[in-house]
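Structure in structure tokens, see below.
Going by the order they are written in, the chains are A, B, C, D and E; count residues from 1 in each one.
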Amino acid sequence: MPNATLILLIILLPLAGFVMLGIYGRKYFQNTSGIIGTTLMLISTVLALYTAYGYFFEYVKVDGVYQPLVPLKYTWLQFSDGVSIDMGIIIDPISVMMLVVVTFISLMVHIYSLGYMKGDERFPTYYAFLGLFTFSMLGLVISSNIFQIYIFWELVGVSSFLLIGYYYDKPSAVAACKKAFIVTRFADVGFLIGILILSFYSRTLDFNTLIERLTSAESTEFKSAVAASFMGISALTWGLVLVFIGGAGKSAMFPLHIWLPDAMEGPTPVSALIHAATMVVAGVFLVARLFPVFAISAPNALSLVGYVGAISALIAAIIACTQTDIKRVLAYSTMSQIGYMMFALGVSKYGGEDGLGYTASMFHLFTHAMFKALLFLGAGAVIHYIHSNEMKDMGGLRKYLPITHITFLIACLAIAGVPPFAGFFSKEEILLAAYQNNTAVYWIALITSGLTAFYMFRLYFGIFWNKEAHAHGEHKNEGGFAMMIPLVLLAVGASAAGFIPFGHFVSSDRTRLETEFHLMFSIAPVALGLAGIFIAMWMYKKQNDRPDKLAASLNGLYKSAYHKFYIDEIYIFITRKIIFNLIGKPAAWFDKNVVDGLMNATGNSTKDISETIKGFQSGKVQSYAIYFLVSIIGLALLFIYIWK
Amino acid sequence: MNLSLLILLPLLTAIIILLMRNAAQVKWVALAGAALQFVLAFVLLFTFREQRADGNTAQMLFETTYNWFPSWGISFHLGVDGISVAMILLTAFVVIAGVLVSWNVTKMTKEFFFLLILLSLGAYGFFISLDLFILFFFLEIAVIPKYLLIGIWGSGKKEYSANKLALMLMGGSALVLVGMLGIYFSGAERSFDLMKLSQLNISYQTQMICFPLLFVGFGVFTALFPFHTWVPDGHSSAPTAGSMFLAGISMKLGGYGCLRVATYLMPEGAQEYATIIIVLSVIAILYGAFATMMQKDLKYINAYSSVSHCGFVLLGIGMLTKTSMTGAVMQMVSHGLMTALFFAVIGMIYERTHTRQVSEMGGLLKRMPFIISILFIVGLCSLGLPGLSGFVAEMTVFVGSWEHPDTFSRVATILACLSIVVTAVYILRAVTKTAMGPLTTGFENLSDATWNEKLAALILVAGIIAIGIAPFWLNDLIRPGAEIIMQKISIPK
Amino acid sequence: MNDFLTLMKPELVLTGIIFLLLFVKLGKGIKNEPLLLIIQVLLLLNFLSGFFFNEEGTLFDGMYLTTNMIVLQKNILNLSVYLISLLFAGWFKKSEHMPEFFMLMLSALLGMFFLISSGNLLMFFLALELATIPVAAMANFDLDKKRSSEAAMKMILSSAFSSGILLFGISLVYGATGSISFAEIPLLLYGTPLEILALVFLFGAFAFKLSIVPFHLWTADVYEGAPMATTSFLSVVSKGAVAFVFMATLYKVFQPMETVWYNMLMILSIATMIIGNLFALRQQNIKRFLAFSSIAQVGFIMVGISSSHPVEGVTSVVYFILIYIFSNLAAFGVAAAIASQTNKEEIDDYKGLYKTNPFLSWVLALALFSLAGIPPTAGFFGKLFLLTAGASKGSYLFITITALNMIISLYYYLRVIRSVFMEKNEKPIEKIKIEPSAKLALIICGAAIVLIGLLSWIYDYIQSLI
Amino acid sequence: MIEPGLYHMLFLSAALFFIGVYGFFTRRNLVTMLMSIELILNSVNLNFIAFNKYLWYDKLDGLFFTIFIIAIAAAEAAVAIAIIINLYRSHKSIDVENAEELKY
Amino acid sequence: MSGSTIIFYLLAALTLVSGLLAVTTGMIFRAAIYLLFSLIGIAGIYFWLQYEFIAAVQIIVYVGGIVVLIIFSIFLTQQAGEELPKQKMGRQIFSALAAFCGLALVLVQLVQHEFVITNGKRIEPTVANIGNQMLGVSDGGYALPFEVVSILLLAALIGCIVIALKSKPETE
């Protein structure tokens, strides 16, 4: 049995860092805060690894199944009977896997930032926010309660907001953090309503109970959830779709992805941690967490997940080919890769061999975390050196940044799916799963994998080859050990992670899943990947006019891809023109003129009446007498003849 | 514990303030009074919990009755349940913070603090009274100090706002009065005693007439659409502490009244009118949120957002489930703390920048990290960030509302949920524009918070976080009370 | 004979004082200031004497009757006259004809005593005249002011006209029943049209005295033109006395026609509140303002009267009038203190008053809040009990309109408060030197306004007298 | 012509009453208004006497009422005339329309 | 038709016509004289009704007192024979209409009402009866009203003196 205190410690150490550095950082720890944060993170990471080891290897499986354990559960907020928000810890394969990933990547970023952020005025604040994020993310992955996950979900969102807006005096950063928060918030409403639906029918918020109740066809909860329908779709499906919308928002799935590229305004290590390796995969994690319900009870919802993932993967890949800001390229690439994970889940089924997609998805999540973090950190090193994000400012940097160059190359190979790097294995499994279940998705995935190789190497060649570099910046080094160590460690991970027999540990029904390697099947994707690489090399290794020509020949597509398919513009249209002008302004106007106007009019008309009737008080004593008599006559008539 | 202490203490403080000669003494007396209230509120909380833990299951604890106008069936009947205790705590928090942020008031200091303390007296009295008459008495006591606070120490079109506020609130209480008299004469026995009245069966006919009167009457206090128009003007014109009291305490009087008087005494009426309440509160929530989006003045932003947030209170009440009712009370507490803090922060910013226009500010984080951090916290609380009180309250309302199984309530709940996006939009717009971006020229020499401001802010933040992190204590406090209120109401399953 | 002394004690004491004053005046020996002091002491004694040796009973074959409640009512009026003698000390000292003023005022008061104690229509009529004619003369006491004589003229002519109407009504009652005794009339009334007509005529006369809309038109003009002491006497003592009698007459004499006068009261009270409030909204002169506000207050009193409950109705009305006396006198007292030194009577002149005269401002504020019915002032309780009593008949609409009228009234009371406390003024009224006795009276009023409501035994005491 | 009875008296007094009322409404001179009042009071007296004579002759209530009304009328007239004279001094006119300073 | 009937109608006509003229004539002095006639007519009716005491009081107080007072005040305030200012036509018509409606209403009610007649013994309004009752203190005695009226007259006296006997010249 894993030790609850230890796991709690994993989570709370970063929080302690946040509180300490957040309150006292600028007073007492201006320079030492990085060390403090990193040390706490290191302890956390070690504990996480220890826990993972304990769970996967020491703990005895029951009938070959890894049992989900809940070593801690505390009723946090009781609603009606049975429905309560519990703060708990769930330990099962995916949460343990995520614990490792999050702590490890976070540690890398902590270390890297020691160099990258050195000398920054708000250094302690930065580490405090990192601590907050790590805490929230860890809390998210170990949540035992669907509301608990929502809570940490929001916290993750806010720490992301804080970190994107870290350079708060840059207007673009401010805009980006706002956008990120609001878009994900919008998706979260879906999540929230989904939770409400699920919890209402299952009469619980606890994950285990919920899954148990909604997957067994006999339970009354399941029956009622399926029986109730809205617009011809069962309540259960609605609930799951809405939950998925939440996940899609956080994971930047089409069409809720628009915040992710802008989020690159944050410090690059932050992008590596949050917007590449951990937070953005929360959506995938969420779907995986509820996977049994999706797969068993609502296949429609699951196939929606698949299609959304596939489309996102393709669109992002196309856009990535045209972007010139290296972080944005990486951002779109992230989106594309998460699309992979999503559709892998989407094409999966529950249990046994059919659950390959699930395993593949988680595997890809794991490997992607390594190589994408690596890519970002590498890009960070480049930016650190060059002080620009634009590809046009770069070129020929391999001489100046040798370690970065090598590690970046490894990462690129990994993401392009070139064996034997990590990405190859996970992607292969995904394609296989897609092939077995859904051909349309398979083809999209295949095309995407070619595109991936192309744009990654476009990036690689653009940065490190292409035109000759001229002297840049004032640092003539790569940023010291602090920045190099994480690169190297991650490069090792990106190279070697593929050899982990992932299916043994993580599978849809938590049994051992043997994944086979089909040589014949791999030929197509690998060949496609290599083709992509060569085209990129042909176009970008040396400075030439081929890219421009190609762009010109594909004018329409290129232009729309360059403008990200105008999705941002559509959003702006909706928010500015429709919500602001057609709802907000009228509401404000209505309030000021109609509602308020009515109240004021009541007051004014009282005054007006008062002014009009002043004539009665004419000052003429005879008129008074006349009114007197007339009133008497009137009253007499009224009470004698009318109101008896 | 003797509940009349809660009335006597502010009364004593107020009298001592009147006797004081100079401003410094006045301030310290006020602070001491507020601190004692604070302590007293906690003593109440702990003794209450102790009693409950000892198995005292009486509906109301610490009941005391003094004879007062016995010929009318009026008695000075005091008592608290968990809901009242929660509201008293809220009041204590806001009062002490309000006194602290008013430390720099120089104009008629004595009168200012006198009125503040008088307001707190009204609020405490309202929350602990178990007799409709004295409840009404305290409700009205709290109106005039507000009027004077806005009219004398306010800014902008203060006289207009003060008038509007006083008249609308008095209008509300006039309706309350009529409804109250309706109940008084309807039963077999003429009584103003809440406990006694709750035992009597008020006829359906009476309920149909009196429930809307009472609900709308109290609703005016808590910004029921379309009677919310005093809120923006009143809040924005009031001095800082005035806004804090207004939004933090005064608006809660209405919510509490809707719950304790209207719904508790007239369950059938509540059921009949639930649909209308829900519609109005959803309108208030969304419409308030959208209207907030268009505001340019920080105080207006918070005032309109209060309309939206108080809509949740009414929604919770209108949904008539135990959980939603609990949520409504939580929202009252949470919104009280949060909005008081928000106004405090706005006041602090205004004192330094002399503007409240969002467009005229920028990058303040650089000059006043403390104040702006608080602004962030309160903004995040407002948009419902977990770990802060707003989240807990709103979620309880949502979950509670969802327990209502018909489609109408479902749609209403979903619409209400949508508001959290809009909230995020306007809060972030305001906060980011104020705090982030390049520093506006002319603001280079601004200073950060002083000790009193820090203390005030920290007290309220502590409250917000205490609820946000450990909502269970508040939930345990409120839920039994809400359950009793819901006893007579059956929702169709 | 002993009966006679104890039962008619209030009247006898008062008559004694009047004659004492007459002799003093004829003797021409004493200056204004010491005389005023003597008068004040006498009036205080007069007030205190009201607490001792009270008995219930009738005299003169039922023409004169007294009960504990009636003694209390008389004593309330005594108290207010005493307060008037204190409050307007400044004006009295300057007045040439102070003893005459007091003689007239006390005669009018005597008239009110007889009015309250009257047991038949003749006594009633005579007492009413005794309570009116001297007041008309009092209205003219600012002899060198045009407005004062105009006010007096309006008062005497309108009241003569209303006396005519009243008498016509009385003659009809007499014709229909053959009796002028209050004890016999109710046994002989059947609610025939002629009796309704008679009731309307009588009602009109009462309405005139109480300034119920639409018979109120003289009120504001007279209040504005008359000296402040007269105005406050009119608005407080006169009104109180007539309200007591009005209630007693309706409850006892016209008891068989309750539905008719209930409806009449209802519509007229709504009209009174609305019109009084609407006119008060736009007044600039403080006296005129208070005149209309007192009209609106009468509307509330009528709500209480309309309850037609012999216990609740009477108690709440008496209680309200007790409170109303203090509130109104305090307001008039402040206005008089200001007017006597600065001749300023406009509300706009009061801007910034708080800066220079905090004491007066607070008293004024208390008085106005009490008139508006804001807790914790006594006016809140007074109004609430009136409403509660009135609501016992169960007319929601009536009560709602009444309650909403409280808002309009609040609006204009707040207008004064706003001037005093909030608005800036370049040249505010300078520091006023208040007569010590006036200050004493203002303090008494202020304390009473705060305490009467909170001390519930006062209400119980009034009720116990029934 | 029939024998005069109660109704004749009542008719006479009512007519006189409203003649007085009419005068009160239309006369602009204050003294003439006062005269109208006297007419009104006289008509009431007539009423009382008539009722006393024809209906309630077992007591003298109506008669006494009349006597007292006459006394009151005298007092009222005296005070009114004093006031009118005073008004004349200050306004130099006893036209009622000239005394309308107090209004609205 | 007896003589007394004719006398009644004559008296009634005198009263009404001179009353009407008193309120309509243009000359103020004439108005006073018409009033005098009207009051005398009423006194005559009291005589006709055999209420001699009242008739005498009427003559003494009204004719001898009030009308004289009025005439004095006319002399004090007005040039005799001066034409009185006319009221506006609209006001006149409206007043007439109001008065007429009032009259109609009252008459209709009076005519429709069935008056009850006492079955008690008639008490003659002799001076002796009146005197006994006027000053009696019990059993229907009118001593108390008598005293009240005396105070009223005193007060009126004081009032009149203060108001009318003004020594200072007009300042305003």
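The rule we apply is simple: a residue touches a chain if its C-beta (ideal position, glycine included) is under 8 Å from a C-beta of that chain, and two chains touch if they have at least 3 such contacts.
Just so it is clear, the structure is predicted and the values come from calculations on it, not from any experiment.
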{"item": "Chain hops separating subunit D from subunit C, counting only touching neighbours", "value": "1"}
{"item": "Given subunit B and subunit C, the chains that contact each of them", "value": "A"}
{"item": "Taking each chain's C-alpha mean as its centre, the one farthest from subunit D", "value": "A"}
{"item": "Reference subunit E; chain at largest CA-centroid distance", "value": "A"}
{"item": "Pair sharing more residue contacts (C-beta pairs) when A-C is set against A-B", "value": "A-B"}
{"item": "Chain occupying the most central position, where position means C-alpha average", "value": "B"}
{"item": "Averaged-CA centre spacing for the pair subunit E and subunit C, given as whole angstrom", "value": "31"}
{"item": "Between subunit B and subunit D, centroid-to-centroid distance (C-alpha), Å", "value": "65"}
{"item": "Whole-Å separation of chain centres (CA-atom averages), subunit D against subunit E", "value": "5"}
{"item": "For subunit B paired with subunit E, centre-to-centre distance based on mean C-alpha positions, whole Å", "value": "70"}
{"item": "Contacts with two or more other chains, residues of subunit B listed in rising order", "value": "167"}
{"item": "For subunit D, residues that touch 2 or more chains besides their own", "value": "10, 17, 20-21, 24-26, 33-34, 55-56, 59, 64, 68, 72, 75-76, 79, 82-84, 86, 89-90, 96-97, 99-104"}
{"item": "Numbers and ranges of subunit C residues touching at least 2 other chains", "value": "122, 126, 129, 133, 136-137, 140, 143-146, 152-154, 157, 161, 175, 178, 193, 197, 220-221, 282, 411"}
{"item": "Chains touching one another, given as label pairs in label order", "value": "A-B, A-C, A-D, A-E, B-C, C-D, C-E, D-E"}
{"item": "In the complex, subunit C residues that touch subunit A", "value": "153-154, 157-158, 161-162, 165, 193, 196-197, 200-201, 203-204, 208, 214-215, 217-218, 220-221, 260, 263-264, 275, 278-279, 281-282, 408, 411"}
{"item": "Interfacial residue positions of subunit A with respect to subunit E in the complex", "value": "622, 626, 629-630, 632-633, 636-637, 640"}
{"item": "Contact footprint of subunit D on subunit A as seen in their complex", "value": "614, 617-622, 625-626, 629"}
{"item": "Contact footprint of subunit C on subunit E as seen in their complex", "value": "105-106, 109-110, 112-113, 115-116, 118, 137-145, 148-149, 151-152, 154-156, 158-163, 166, 168, 170-172"}
{"item": "Partner subunit C, residues of subunit D touching it in the complex", "value": "10, 17, 20-21, 24, 30, 33-34, 37, 40-41, 43-44, 47-48, 51, 55-56, 59, 61-62, 64-65, 68-69, 72, 75-76, 79-80, 82-84, 86-87, 89-91, 96, 99-104"}
